[in-house]
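Each of the two complexes below includes chain A, the first together with chain B, the second together with chain C.
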Partner chain A sequence: MASTNVRAALLSVVFLVLFLGIWEFGTQVIAPQENLSEYEMLMGGADEEARVPPPSEIIQHAIYELSDPFYDRGSNDKGIGTQLAYSIYRVLTGFIGAMAIALPVGFLIGMSPLMYKALNPYIQVLRPISPLAWMPLALFIIQDSEKSAIFVIFICSIWPMLLNTAFGVANVREDWVNVARTHELSPVRTAITVILPAAAPTILTGMRISIGIAWLVIVAAEMLVGGTGIGYYVWNEWNNLDLASVIFSILMIGVVGMLLDLALGKAQSLVEYKE
Partner chain B sequence: MTIKSLGNPFDGDQTLIHSKQCGCNDCTNARAGSDSELPIVSDQRQVQANDGPADSEAMLDRAIESAVVRSVFGHNDHSRRSFMKMMGAGTAAALVSSVFPLDKAKAAVKDSLGKLEKTKLNVGFVPITCATPIIMAHPLGFYERYGLDVNVSKTAGWAVARDKSLNGEYDASHMLTPMPLAMTMGAGSSAKRFIMPAVENINGQAIVLHVDHKDKRDPKDWKGFKFGVPFEYSMHNFLLRYYLAEHGVDPDKDVQIRVVPPPEMVANLRAGNLDGYLSPDPFNQRAVWEKVGFIHILTKDIWEGHPCCAFACSQQFASENPNTYGALLRAIIDATQYSQDADNRKEISEAIAPKNYLNQPVAVIQQVLTGRYADGLGEVQNVPDRIDFDPFPWHSMGVWILTQMKRWGYIEGDVDYQDIAEQVYVAGETRKVMEELGYTAPTETYKNHTIMGKTFDPKKPEEYVQSFDIRRS
Partner chain C sequence: MSKSFLEVDGLSKVYPDGQGGELTVFEDIRFALEKGEFVCIIGHSGCGKSTILNVMAGLDEATTGNIVMNAKEVIGPSLDRGVVFQNYSLLPWKTTLNNIVFAVRARWPKWSKEQVREHSERYLKMVGLDHALDRKPSQLSGGMRQRVSIARAFATQPELLLLDEPFGALDALTRGVIQDELVKIWEETHQTVFMITHDVDEAILLSDRIFLMSNGPHARIAESVKVNIPRPRARATIFQNPAYHKTRDYLVDFLINRSGSALPDEDGKPRVIDPSDVASATEASKPETSAKAVNA
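Presenting the complex of A and B:
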């Protein structure tokens, strides 16, 4: 078992090195020529079109950015750490707001078939709307770009939580609810002491899906609204067609997304139970 | 926060410029200090160490001293510093005030400005060279000179700039000259009265085509092309339509015109989503730099001296904060006039190229601002007025824009051209401020313009609209 793990890890490293090696040598920059004419200088060198930067350049850039992640050179130029912090703040605010609504409403829908049938048409219509489609409307009504971005996160992360909560609550084993009823527990106590622990794994699955979606959406939302955040960072570098920075920020987005997912995965394993 | 360029102008050890690699206390602290968690206390110490002004009164005093001292040295910070080091601050201050009545100047400026209702402002800009005066006023200290602490905020596109202006997040913003007209009339947005006290740049745009179309220089060969313009209510859209229609190409039927935010133009041209575009610089020059496009024609050859971008704010902001509005307008007009001078263009290029502002290679910005550029066809061109800066908002320009909005069906029904242009383009205020600052302003607000050889008479707008064969109204 252990040897398979070791060998797998080794193979992963070999793949990575191979991939980066081919990339590095495939994109060797032509050495700058001497004696450029004025026209060539104004064209930014005589070589052909710009190319994807080699991995060594990206790594160099990453070291440079990460060595000073919280610098502040004016309101439009802040370090990668600050930008990520802005994005995480927006995602968490929208996510917690969505949680505050999705969990109670999900319980209501899950426990009452009547409410489920009454609200289901609305949920089905609203759910598939791309969260970014809300942006122009949000900007117009809320009149604040920061809150609009948070609203977009809110609206995209509410649905998986709501549906999973409803599903989890509706599928709690009938016997357990009956036991609670024979003990003459009030509906509120039943919900908290019996249904909540029983439905918790399903609810957390919903939350995990939600935070994943929220992280995907925040990048696009910030590219649209600008100002701060990792999405703005990507946009600002795209503006300058600086691919090394773009690739570096893509990696950072991936790492943070993975950490968010891991955190919720950990929370999920805490509420798992065996029947 | 400290205001960096308001350092003591009589101190020879202190720079007033603060470039990206600046080594002064403030800058190194700002660079290193943002990760430290010792805010307020250390900040105050910094202020004291740098001997910066403490309140707004002192700030204004310092701004005036700074302006005077800077102008004595012709805005050359290097010679100011060596002079101050040689003389010592006290002697220098006494010397300057003996020839220039600093105290009186301070009192006069404060009287004429009145008390500022608001000193912290948010001004939006889209990262293009048209916004040069709005942007460079920040690193070069034009806002501070009038006691304003302005945050220039980069915006992804004009729809966002419009929405942030409408909802008051921006006190004032960089816009396209047709936008305040459209916003005031409620065309393509909710109606709110906007005023445009200053034009930013004239000329400075170009039609760029993909390198594959080097053999198709005649617009008649462009049928089926996909063109990009930055916004519907833009000079770019109206100039491209005009240019195409003059060559017999119907811009609505023969080609496709898409709205693409300027920063995305080059990427779209490379990907083949666009065959060409009429866009603001630096993205024309950037396409040449990236070797994906060439400059087909500069817009100055379509209409010499056409307006492009503007500085605008809501009527509400101007009437609620008259003194702040006045100070801001003075800063902008000052900055625009400063940008007009070809000698300053290199310095400006370096000041606005960093990430915080345009985020472009200096070499590209310089080609745009100095007008010595590679055209992508193998030639070096020398056109010093490729882009120019002139704040005066001609009413006749506003009328022309309205005729084109009418021509292409963006507005319908009877339009009172002059009335709207005069409401939005507040040329009277601009003239007053220009004269007060010592610049010459035109006495007229209407003049004839010549666009591709055809004369536009602002007194006969409706006849002008009817005179075109290709039109939608």
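Presenting the complex of A and C:
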């Protein structure tokens, strides 16, 4: 008997083949029954274009794009790799900025019930705001679309990290804190050698949620600000009515999102401990 | 007045009882420990033993009273007072060795890496765990974890060791083995130890003196029972000593019949008892009570 993994992989392939097969045959070009009218000819005989492209075409397009992912032929024609790199750069910059604020503040809130009570109302009001709602204000204050996009990433990734850090720090087992106390560790050393490792798995969970949200938001943010990035690319290809590119870039968004999550997941498994 | 190594004076703990009133768990706790003594404290659940120990550790605060160790008042936790918790309290992300290294480094920050490691390994060897240096606590059995915890406490060489029912969560066989190990380490180091236990045999095996607590609320340390059994003691042979049975009978009698009403001496200090003297008295009273029972 094959193991569950092998059987699951086989089943996955079967689903993929079925899905692509149905898609492929469902989007065959229908040969025009009668001659096109003059008007239809004028409109470009658009029947062939007015359909979702079949997978074969998308695979061809993917091979073409991925064979030279970093080309640059002017501001409206950059390779998919370049566009993704812009998006990743923005996400990471905003994410790291958020980390720099969320981790220390989370520690503070987690360790001090007073600070928790004082800051909690603000967090509860600010947290549910859609990050894109900040965009106009950010554009007005920062006056730079690139930085505004980074700010939007910053603001959306800060909350899960902040709350998880606070939660993780506040819920460190009292026994472990007592161990630090009986060994006369200073507050700073206690924070670094006991509380940080004890709360690390919870903190990493927050970071993982944050990077997921950041990657969701960057696409929308770049559709708004334009210029570069995978969000802009998708919208631009839609304006070009190049659906193969649109579908291909949707797939790439998924793949990169998965890789980001895998990276954080790996980091999480490094700090995980069993009691 | 000659001062003892550690003096506990008039300790009490009062909690709000949740209905606007107050609940005095224990009160006027007075006792002294001499350097190098091994003292166990026994009492029914709820008499506040653990709270007393936590106050001595500096992890909890008493409502009244104070503790003086080495002519210095005990305020807050200190490396001079090591604690072994019932649930081991090992840091689960550190290996066995690093759990000890963590403590040794805190104790002697100026030591070199090699010195710290060598010292830590020596104490792990004492508890027979030198083969498990690189394992995480989650990969150890309960008994092994408690050994690491004991090694950690001894390795920092505190002036006073506080053990909060260290074997409470272990099965009887493992408990016996670790008791023997504890006796061995203690005989090597002669650290002053104050330990909570529920186990009368354990207390007799380990202690020089046994404190008996009356029941809470308003619990007191009523009696201090001497254990007149020569060391070295071993679990396998201790019951052959006649003093063992006298002591055991005395303790069991206290816990079953007298812990509800027992009071310390007039001056608040525990009544000093030597069971080899008293035992004859209780034995003498026994036929009388049984005769009464028959008559009734």
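In this section, the second predicted complex is superposed on the first by the 259 of 275 C-alpha atoms of A that agree within 3 Å, B and C clash if a C-alpha of one lies under 4 Å from a C-alpha of the other, contacts with A are read in each partner's own complex, and residues count from 1 in each chain.
We adopt the following convention: a contact is a pair of C-beta atoms (placed from the backbone, for glycine too) under 8 Å apart; a residue touches a chain by one contact, two chains touch by 3 or more.
Predicted model only: the values in this text are computed from it and were never measured.
In the three-chain model built by superposing on chain A, chain B fits alongside chain C with no clash. When the two complexes are overlaid, the chain among chain B and chain C that reaches more residues of chain A is B. By the touch criterion stated above, A:140 is placed in contact with chain B alone, chain C being left untouched.
Look at A:7: by the touch rule set out above, it reaches neither chain B nor chain C.
Looking at the shared chain after the overlay, A:117 reaches neither chain B nor chain C.
In the superposition on chain A, A:82 contacts chain B only, with no contact to chain C.
This overlay, made by fitting chain A, leaves chain B and chain C with a least C-alpha separation of 43 Å.
Across the two superposed structures, the residue set of chain A contacted by chain B and also by chain C is empty.
Chain contact summary for the complex, chain C toward chain A: residues 57-59, 76-79, 81-83, 85, 87, 89, 91-93, 102-103, 106-107, 136-138, 156. Only residues 175-176, 178-179, 181-185, 193-194, 197-198, 200, 271, 273-275 of chain A touch chain C when the two sit together in their complex.
Listed in rising order, the residues of chain A touching chain B in the complex are 38-39, 41-44, 48-50, 68-79, 81-82, 136, 139-140, 143-145, 223-227, 235-241.
Of all residues in chain B, those touching chain A in their complex are 20, 30-32, 34-35, 127, 151-156, 159-160, 163-164, 167-169, 190, 263-264, 266-267, 286, 288-292, 354-357, 359-361, 363-364, 367, 372-374, 376, 378-380.
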